[in-house]
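Shared between the two complexes below is subunit A, which pairs with subunit B and subunit C, respectively.
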Partner chain A sequence: MHAKITQMLFSVIDELNQLRPPDEYLTKDLETPITGDSGRLDSAGLINLIALTEQKAAAELGRPLLLTDDRTLSQVNQVFRTLGTLADYIHLRLNEKK
Partner chain B sequence: MMDKQPFRCALVSDFNLQNFAGYVTNDPEFPAIQPIRAPFGQPAATLIDRDLPCWQNTPDAAVIWTQPQAVVPAFKALLNYEQVALQKVLQQVDEYCALLVNMSARVKFAVVPSWVLPSYRSVFGVIDMQTEIGLTNTLMRMNLRLAENLEKAANIYVLNTQRWIAQAGVQAFSPKLWYLGKIPFGNEVFKAAVRDIKAALRGMLGYARKLIIVDLDDTLWGGIVGDAGWENLVLGGHHHIGEAYVDFQQALKSMQNRGILLAIVSKNEERIALEAIKKHPEMILKLEDFAGWRINWQDKVQNIIDLMTELNLGPQAAVFIDDSPIERARVKESLPEVLVPDWPEDPLFYPATLLSLQCFEMPSLSREDLTRTTMYLSENKRRELKKTVSSLEEWLARLCIRVQVEELHPANLPRATQLLNKTNQMNLSTRRMSEAELMVWAEQDPHRLWTMRVSDKFGDAGLTGIISLEIQDRSAQIVDFILSCRVLGRKIEETMLATAIHHALLLGIETVYAQYTPTAKNKPCLDFFKSLAPRFQQQGDCFVRDRKLPFPVPEHIEIDPAL
Partner chain C sequence: MEIKAFTVADLKTALVSEDFWLTKTLPITKHRALSYSRNPRAEADDLVLLVAYQDNRVVGYLGILPDKIFSNDVVYKLGWLTSWWVDPSCATTGVGAILLFKALNAYDQYIGVSGSSREARKALQASQKFMALKPLRGLDIRLRMNVTREILRRLPMLKIFQGLFKIVDVMMDEVMDVRRFFWQRRKNPGQGLTFEYISAIDEEADRFIQRHYQQDLTRKGKPDFNWILNNPWILSAPLKDAASKKYYFSSRADRFSYLAIKVFEHHPEMMGFLLLKVRNDRMSVVFSYFENRHAASITAAVFHHALVMNMSILSLYDERLVATISELGCPCWSAQIKSRGFSLSKAFADIPLANSRMQGGDGDLVFY
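This part shows the complex of A and B:
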């Protein structure tokens, strides 16, 4: 499941990069920082990341995913620190739902 | 071939257009766009205030994309199912349109996407189409009013947002993006919008394709005519593939009805192929629908070059459609300016593939566009006549050429602007302007502009020439000297100059000069002015009329009104 989540997030990155200048492309790497001091996304970018991730989780993983609930937003800096932390969090949430 | 300078485009909206801006900036298709963002969420105020930074340095274009409730307050009340008279709604649409028209003087082109309602809004669907009650009914009337009002503005184009919504499907509206970022649409809508807006801009800039060159076997019909015979081609009948070929031909015919020329380049025996076109009962396209053809066993690239020369068109005007990937690759490699679309293997997708090409956008449709094929067929007759006479003079005399001279007015403005923006070869200054800019320029006191409509005994070539003057203290500069390549070499050039000189003399001005601005394509114009010596003397890139020598209208040309 973790590999599928990673692939799904990489396809989200492909989508996000279409909105960004080439010199600001995000790399498809779990270490890629998202928010925080070295984060690569501004608030608009984060909004797109959330919306696209939810959309692709439904389409590619066949599972509904909610990333705008209080639980997620109360730990936004941890969850969205890197692509890897986001992948871990999605894995956790989807397993809970099982 | 195309301008590398990014197209500066103001983005005005009541919602967040950041995603649209991202896509439009990164899209590799011509023209490159540099978005200029207007203040967020204040479309009406932005349209009114000409001093805002977004309007400085004259942006090339503006996209004004709004939600209906943001600019038509009465519609906002309707969304709450309050009682509002339709008349009041339409009056507010008129007021909004007045703002748009006022703004349009600040840009070359303005694009206004039509209004839409979220597709999830299906409550009270049964009465949704009822007059004065249904929201969809009212919104359709608002869009119609918007389009009708803005038709009067020469440089505003309303685009159909509903197409983008349909392309985006279930992801068209995103409550998530709306509540998090004030972005009402999913990104697929913005991607579709970028494709359409760029296609529209290409058309406005004069880059619309004018010619479709098609192959025959397995492209215009199913089967190899040389092997099977025309009686056994797959075309029409009660056969799904045969029906698709008929529909493909019908789609080509519909393009021709909108002024796109059709031509054939095919490896075949010409006699056999033409017999099929003439005799097959289900052929939609007739021989007279084609402006030209090259049906032989020669290399298709050379055939295309020959055909384009015959039709007086450059490779950037052509689209080449062929079922063979090998032929497509060869043409694509040898003639990179010819558009060679990827073509489906399955003929059932031929009509849809043709109709989805976004390279034929025309900002206006002139009489010349609608009769283009007839004009080319007339040209063939002129060429035939030329073969039978002994001199150029005799040929010109037998053509019975008539030139009708008119000043610029609203009825000929769209075609004149089209000619100004599309003509490359016989073009003195190659300046490009929108309809509004051209009209403003022509109406300014020191400027005079005449259009030339050319006809002869074989037909009407339409409005094909423009000459303009800027009157200075004791001289007059020829600013525009533009002639469509379809009438070059018939002494229309001299007729245009005679017209301008005649009017300058009426103003007491004897010194008339032309300043040639070189481009990659307008050497024919330089050669023409050089050929005028000694009546025009060359001084560098400037050609000055010798005032002692007369410059009459050529003998074989009848000019109306007479000079």
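This part shows the complex of A and C:
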């Protein structure tokens, strides 16, 4: 499951990169920082990442995923610190729903 | 980072708290907070302000203006987003996203947006949670050149030539005044019109508005207009005060006022109601109510006020007024087509809104 989530997130990154200049491309790496001091996404970028991730989770994993609920919003800096922390969180949330 | 959510009741408490106003950046001004707390469409527990604090420093905020919209006599509660700001040094902390999604959650995803900055539009589009309504097509009619203000706004270093620019302004406006003098003699556009200025909506105006607001999406009534008239977000003040220096959005202007006008023609029965907003040298028609057959007279009434009050720009967003402007043929320097955009969250997707009318002051636009 984790591998599928990672692939799904990498396809989100592909889409995000299409909207960014080449020198601001995000690397498809679980260590890639998203938010925080070394974060690469501004508010619009993060909002886009969330919207695309929710969409692709439904399409590619066949599971609805909500990343804008108050629980997620209360820990944005932990959940969205890197692609890896986001993958872990998605894994956790999807397993809870089983 | 800590996000504090302020309801109407919390804001009332904040207004009398000293600590709330001590931060280096203010998330709201006192007069705007007063206005929020008196909104007749807001309940005491409605969320109206989200503030992000980091080490007791304000690093972001988002205001929400509770409102109601009407479709087929069904009433829907929503919040209009207003004054969304993020400290640039915190741009990658996700604070802007948190504020937006918290606002959406607090209003069960029923959120509206009226006008917005380029950055805000980008973020809202990215969320895929909003749909654009048909924009209002309007006109900015330049009645006076006022090159002094324009040049000094863009190139403040030319202030030493201010006197020269003012002479040019006076000369050009004299030419326009002569043209308008002959135009008024020839057309006499305001002939037969009489006006009554009101500081609060009276029974006659209230009845008139109610007869003409059925197509309006927000159906503003007596309590709403009285609230707007008495609770502006921008104050007329000659200088920036301490609060306006600490607040990112407009809180003062050299000149700011509303004009609520009952328009009559020949007989004692009202033919129109106008709410005009004057900000510096710009007059905007923010709400207008009249029957289509009176469009030419109402347009003449608006023009008459703009000319008498020495306005440089007249902004119109009522399509009937825009359509009759060319018939009026009033001399002006230019007439620039403008559009005013509104978006609603997709929670409204199944609600029939196509036949609803938006007005130029809907959302938070009446206050700016």
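Some observations on this one:
Note that in this section the second predicted complex is superposed on the first by the 98 of 98 C-alpha atoms of A that agree within 3 Å, B and C clash if a C-alpha of one lies under 4 Å from a C-alpha of the other, contacts with A are read in each partner's own complex, and residues count from 1 in each chain.
Operating definition for what follows: a contact is a pair of C-beta atoms (placed from the backbone, for glycine too) under 8 Å apart; a residue touches a chain by one contact, two chains touch by 3 or more.
Note that the structure is predicted; figures quoted are calculated from it, not measured.
Upon superposition of the two complexes on subunit A, a steric clash is found between subunit B and subunit C. By the touch criterion defined above, A:47 lies against subunit B and subunit C together after alignment on the C-alpha atoms of chain A.
By the touch criterion defined above, A:20 lies against subunit B but remains apart from subunit C after alignment on the C-alpha atoms of chain A.
In the superposed model, A:64 lies in contact with neither subunit B nor subunit C. Looking at the shared chain after the overlay, A:80 reaches subunit C, while subunit B stays out of its contact range. Here subunit B and subunit C are compared by how many residues of subunit A each touches, and C touches more. Once chain A of one complex is fitted onto chain A of the other, the partner contacts of A:35 are limited to subunit C, with no touch recorded for subunit B. When both complexes are aligned on chain A, the segment of subunit B among 24-32, 78-86, 348-356 or 528-536 whose C-alpha atoms clash with subunit C is 78-86. Overlaid on A, the two complexes show subunit B and subunit C touching the same residues of subunit A, namely 43-44, 47-48, 50-51, 55, 68.
Residues of subunit C that touch subunit A in their complex: 1, 3, 86, 91-98, 100-102, 104-105, 119, 122-123, 126-129. Those residues of subunit A whose C-beta lies close enough to touch subunit C in the complex are 35-37, 39-48, 50-51, 55, 68-70, 73, 76-77, 80. Residues of subunit B that touch subunit A in their complex: 16, 18-19, 22-23, 25-26, 171, 174, 176-177, 180-181, 183, 187, 191. By the touch criterion stated above, subunit A contacts subunit B in their complex at residues 15, 18-22, 43-44, 47-48, 50-52, 54-55, 68.
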